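So, here's a batch of structures to check.
Two complexes are shown next, each including chain A; its partner changes from chain B in the first to chain C in the second.
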Partner chain A sequence: MLSLKLERRGEVSRKFSAAVSGFFLLAGLFFASIIFELLGVSAVETFSRVVSVFTSQSSLMQAILRGLPIGFAALGLCLAFKMNFWNIGAEGQMYMGMTAATGVVLLHAYYGYIPDFLVFPAMVAAGFLAGGLYCTLPAFLKVKFGVNEILPTLMLNYIAMHFVNFLITGPWRDPRGFGFPLSIIFPPYARMETFLGHANFIGLPAAITAAALIFGLLQKTSIGFEMRVLGQNFEAARYAGVKIGRTLLTGSMVAGGLAGIGGLVIVSGMLGRLRPGAPAGYGYTAIIIAFLAFLNPWLAVPAAIFFGGLLVAGDVIQATLNLPFAAVQIFQSTIFLMIIVGEFFKRYKIRVVR
Partner chain B sequence: MEKKAGISRRKFLAVSSGVAAGSVAAGVVAGGLAGYFIGQSQAPAAVTRTVTAPAGTVTTTVTAPPKRLKVGYVYVGPVGDYGWTFAHDQGRKWADARYRNVDSFYIESVPEAQALGAIESLVNQGADLVITTSFGYMDATAEAAARHPGKYFVHISGYRSGAAGNAPQNMSSAFAEFYQLYYLNGLAAGAVSQTGVVGYVAAFPIPEVVRHINAFVLGANYSYKKRTGRNIRAFVNWIFAWFDPGKAREAAVALIEQSNADVLAFTEDTPTTLQVAEEYTTRRNRRTWSFSHYNDMSGYGKNSHLTGQIVNWGPIYLDFYRMVGTGSWQSVDIWTRIGDYMPYRWRRPAEKSTAGEVDGTLQLPPVHPSVPSEWQLEIKRRYEEMKELLFEPFSVEGNLGEPIRDQRGQVRIKGTERADWKMLWEMDWFVEYVESELPR
Partner chain C sequence: MIGIGFVESVLAGAVAAGTVFLLASLGETYAERAGVLNLGMEGMMIMGAAVSYIFTNALGHGAALLTVLLVGLLMGLLHAFFTVSLKLNQVVVGLAITILGLGLSGLMASSEIRGRIILALNPEATRAVLASQEAPKLPLIPIAGLKDIPVIGPMFFNHNFLVYLSLLLSFVMWFLLFRTRFGLNLRSCGENPSMADTLGVNVYLMRYVSMAVCGMLGCLAGAYLFIGYQPFWVEGMTQGRGFISLALVILATWNPLRAVLGAYLFGGVEALQFRLQVLGIAAQLPYFLLMLPYAVTIVTLTMLSLESVRKRVGVPAALGVPYSRE
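Let's turn to the complex of A and B:
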């Protein structure tokens, strides 16, 4: 009698890990090329267009810009998931971050508070605080009443979405916008590209700094150690005297705050105004990216930029090869699926037992 | 047992990781080269032209005009949505078939936050003209127009253009306006409604949608009140999405079940509402009607398709192709109604009406035979009058001689007034027959 058995691997070498990743990446490209060939386009040409996204300067800048909000949110999620805090609410935290940032702009534009040069720093602070506080709400429920965080974080996304809809169809609507649900256009000093010419030039260093800070927080501080312990084993952490409430609230504040910064990047770096549906699902994408980065803060931003590149590549192959969007989605998801399957095989091996 | 393969695991790993790294590297090189050549072939070719002038020989280098016009489209949904985006794609094909010397391509399902990137991709592909087909792309289109002064941009359904003075001169805006058709749809709705309640599944509370709701409800009230002496009652459900069949379905079912509506109009990009009406008509024994929106959806509701609003974007696109192709661009703000882009626009007798055919950019789909013949004729008469703008739905005449009041009882249109462009464009109030609140 043959049967398959899953066995956990111990530590694996970097070489092995790279080999598995490479193999499954190739497998993903192979499956994708079957699909492209079935659709009647040359797979080689398609892949060369995809690669050209990462080699040409203008499309690489686009890839980075699209990756940045996802990257910030994914960084926060790395931290949250390390604590075993299953935050599905990055989308809502992005909404809150962009709402607070827009609020600062409106406070400035409508009532003249805050000098010009302080507007952007105030937006950053407000975005971080709003996203963070919105994330501490489910953390508080978890600490105080033992409520599982998954459902509250998910449902808070919808509350945030409708809150933005309310603001933007009501009090925050552009008075000269013909009644369309949009805020006013941000002044230049509230836009990221005014500082160094492109939103990436301050966004990317900021993202890398944030990654370093998260890494430092997790690896070099005692509260970071407590967070990791909390993630490994809740009961052990409690037994060891970890202040669970304080740790969870701090961690969720930082995690949500980073998602809020992601929201700020969307309104300040990309759109230049608040509009309904602005996060465009980036908060959910960030969950995939966090896992793609193996919850490693250093990898979160590159993974997000890689995904941003795939988004741009999707546009390029649609425009040049007349492929439908669905084919692009299949391509993107095949690659991701294969990477995740590869992760599985790094941790487990399948043994045939007889 | 383990050695059977004849190659040690370590060796296999070393080889396979080498192969993996090597092929990734090869892919990068090949892709980079291909990308380089693609970039090369797009560079505009410089042509040296020698002109013999009386004073001597002058050699000038000019940029060759594009041999074929290249047009890129940005779509908000999939081309297979059988609604908004499908109609744009049909318009693209219509214009391409007539202009001939054009290559067009598109990117579909572009979220609004990614619009600028998509437009940049199209410009990088060499597009001379980029047409963006969702309201949410407006700012991105204006930004791209500012970045690429040598290219031309058309935005559909917005209010920014060089002509309007709030965008660069290489940006135009265009829209095919439906409120007259919605009024005619309302006439049909009021003529068949048994419950006296009409419902509306609406995407976003923007002036366009509010205007359409009001026109539809005014029309429904006109015919229903003339038939029964009672006012129509109307309910609106907002779904806050352009393409979300699930939410549209919930909204439509709620309008039937909770508000007792038996005619459902909608402004969102799927045929879901019509499908729900068909389901209630055929399987739940509850006569319910709905419409086509943006293209012919009658196949989704053979028994419940009353009439609708169909667009033909083609003539607008063709107009822009010609402007760019002949170098005669000027920034315009196009807003088409019944009669526009028709070879002639004089009205015909109701019996010989062209209602039901494609007229210019619009089409009123054939009205279901369940609508009594006197109302069929009335719809055609109004249609013909609107070709010459002799009749305006937002007028006292369009409301059975009564002034048009909003929900709070305030008179908005009285006497001989007609809604002007500004009122239509900024409409943020519901007519009194609507019982739902307008989110604000």
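Let's turn to the complex of A and C:
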């Protein structure tokens, strides 16, 4: 009788790994097109819309802008997942980042605190701190009580969402906004495009700098080394004298902080105000990006821009093919699933045995 | 403004809204008891809602519910294939299935594609049916005699059959889990899979079975949400209810009977905030009410981390860990 047997592979070469990932990325697109065709939607037409996003300059700028918040959050997740800290709360941390950034603007606009030129730097600091602290809460529970972080980080997303809804329908609602749940429009010096003409011109360099910093932190510092050891083997890390509490809290602070910066980009670079539901699932998309980038900070930003392009394509598809935005989620999920199946084939090979 | 009528309506609403959570968390309880964390619940639920919407309009309730169960079975098996056979990370697979479900349901239920599916299933469908954002609701089955008891009557005895079924299921599933050999085997897969394997339990099979059950109940929960509770299609209408069900499983400490209480409590929160919002009283309070289930879950998780509590309630120790026989 024939049966299948899994065998663990040893270290695989970079080339092999890239080939496997490339193959499964294509497989993801292939499955997406099968789903589209099954539902009677022309896959060719859908794909051509997606490709067209990356060929025009204005929509490419849009793709980058949409990709930036995802990219920042994904950089944080690369760090968190490297520590084996399963933060699925980037969405909530983004909410907190945008809340804090908006809070700074409101303090300035309503009470006149903070001089104009300091508003943006203060927003950045507040966004980072708020996102970071929100992420250290589950990290603290893990360190202190051994609570697994998966569900707390997920739950905190919804708490943050309802908290923002509370603020935006109540105390933070624009008094001249005809009762709509929106904050006041940010003044120009609180908006990213003011500085160099387009939000991307400061956002993209900042994202690349952040990628370099995360890479440096992980590869060149002792605490980064401890983070990686912690991620590979918790018990070994403890035995080797890694200060687990300090490492986890620092790492989660940075990871959440970057998601918070992502939230700042949404309010300051994209919307120019706070509104309900603003992160629009970017925090979940960032999880896909972290995997698509194999937790490599250098790849996270380009991967995020690729997905930003998919989001822009979603708008185009909506407008021209009369399909809902959900079409984009089909791409996202099939790519995601196939990338992780690819990880499987990097770890195992299948043998037919008799 | 707030009298016995209000209380009655909130309590009846608690059961009606809570049944969504109950069905889903019964399924999730089995998955987690067998050691599989199913974060795909949200995706399964929304698929159940979309399929019940489309198929009820095309073929009626019976065919819709059967299709929903079939879709749930497939989604559960898909999850199991990735997490049990391929041993992929359960968090990642679950999230991917949630996103897939959100995407597929949104696409299926969009006006053009929905129309095409309905016409393929039932060429006689009228224009009105094709355009409808709604579907006929499941009929109420009031229990004669009992439904007129004040408070208790409207709360428990004036619902559609899925509400009664969910209550029945929680007893049956509790019994199976804690009083039979099958349940013992299933729990051992979540407790100590390698030990279970040595004792002759087929861990892979058990996890497949529990994921199949979980998928079917998750989709059924979505179907109930649509044809049993609020039959108006909105993209992404589950709004995190699948994730709330995961919270509920913890609150109920992986026990199908306790899940009933928790489900109605969460349902009550939903019913109360909705009614407060309609009445326009305490306009800000509802947001804090809505945070409550999540906050309570985090507190519960923290308490469950205490060794003494863990021992008492029997937290599945191998939850989330792929089993490999090496």
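By definition in this document, the second predicted complex is superposed on the first by the 300 of 354 C-alpha atoms of A that agree within 3 Å, B and C clash if a C-alpha of one lies under 4 Å from a C-alpha of the other, contacts with A are read in each partner's own complex, and residues count from 1 in each chain.
Assume contacts are C-beta pairs under 8 Å (C-beta built on N, C-alpha and C of every residue); 3 or more make two chains touch, one makes a residue touch a chain.
Nothing here was measured: the structure is a model prediction, and the numbers come from that model.
Novice: So, does A:L151 touch the first partner chain B, the second partner chain C, both, or neither?
Specialist: second
Novice: Output check: A:I35 vs chain B and chain C. Expected answer is one of first, second, both, neither. What do you get?
Specialist: Only chain C; A:I35 stays clear of chain B.
Novice: Scan A:F47 for contacts with chain B and chain C and give back first, second, both or neither.
Specialist: In the superposition, A:F47 touches chain B alone.
Novice: Who does A:I266 touch here: chain B (first), chain C (second), both, or neither?
Specialist: first
Novice: Looking at the overlay, what does A:F344 touch: chain B (first), chain C (second), both, or neither?
Specialist: A:F344 contacts chain C only, not chain B.
Novice: Please indicate which partner A:W86 is in contact with in the superposed arrangement: first for chain B, second for chain C, both, or neither.
Specialist: second
Novice: Under the stated touch criterion, which partner chain does A:A280 make contact with: chain B (first), chain C (second), both, or neither?
Specialist: first
Novice: Go through the superposed model and pick first if A:T334 touches only chain B, second if only chain C, both, or neither.
Specialist: Second partner only, chain C.
Novice: Considering only the touch criterion stated at the top, classify A:D315 as touching first (chain B), second (chain C), both, or neither.
Specialist: A:D315 contacts chain B only, not chain C.
Novice: Check chain A for residues that touch chain B in one structure and chain C in the other, and list them.
Specialist: 162, 165-166, 169-170, 322, 324-326
Novice: In their complex, what parts of chain A are in touch with chain C?
Specialist: Answer in residue numbers: 35, 39-41, 86, 88, 141, 145-148, 150-152, 154-156, 158-159, 162-163, 165-166, 169-170, 284, 287-288, 291, 322-334, 336-337, 340-341, 343-344.
Novice: Under the touch definition given earlier, write down the residues of chain B that touch chain A in their complex.
Specialist: It comes out as residues 13-14, 16-17, 19-21, 23-24, 27-28, 30-36, 38-39, 72, 78-80, 105-114, 116-118, 120-122, 124-125, 135-136, 139, 143, 159, 204-207, 210, 240-241, 425-428, 439-440.
Novice: Provide the residue numbers of chain C that touch chain A in the complex, in ascending order.
Specialist: 37, 39, 82, 86-89, 91-93, 95-97, 99-100, 102-108, 110-113, 116-117, 235, 240, 243-244, 246-247, 250, 283-284, 287-288, 290-291, 294-295, 297-298, 301-302, 304-306, 320
Novice: In the complex of these two chains, what residues of chain A are touching chain B?
Specialist: 15-16, 18-19, 21-23, 25-26, 29, 44-45, 47-56, 58-59, 62, 65-66, 161-162, 165-166, 169-170, 173, 177-181, 185, 266, 270-273, 275-282, 311-312, 315-316, 318-320, 322, 324-326
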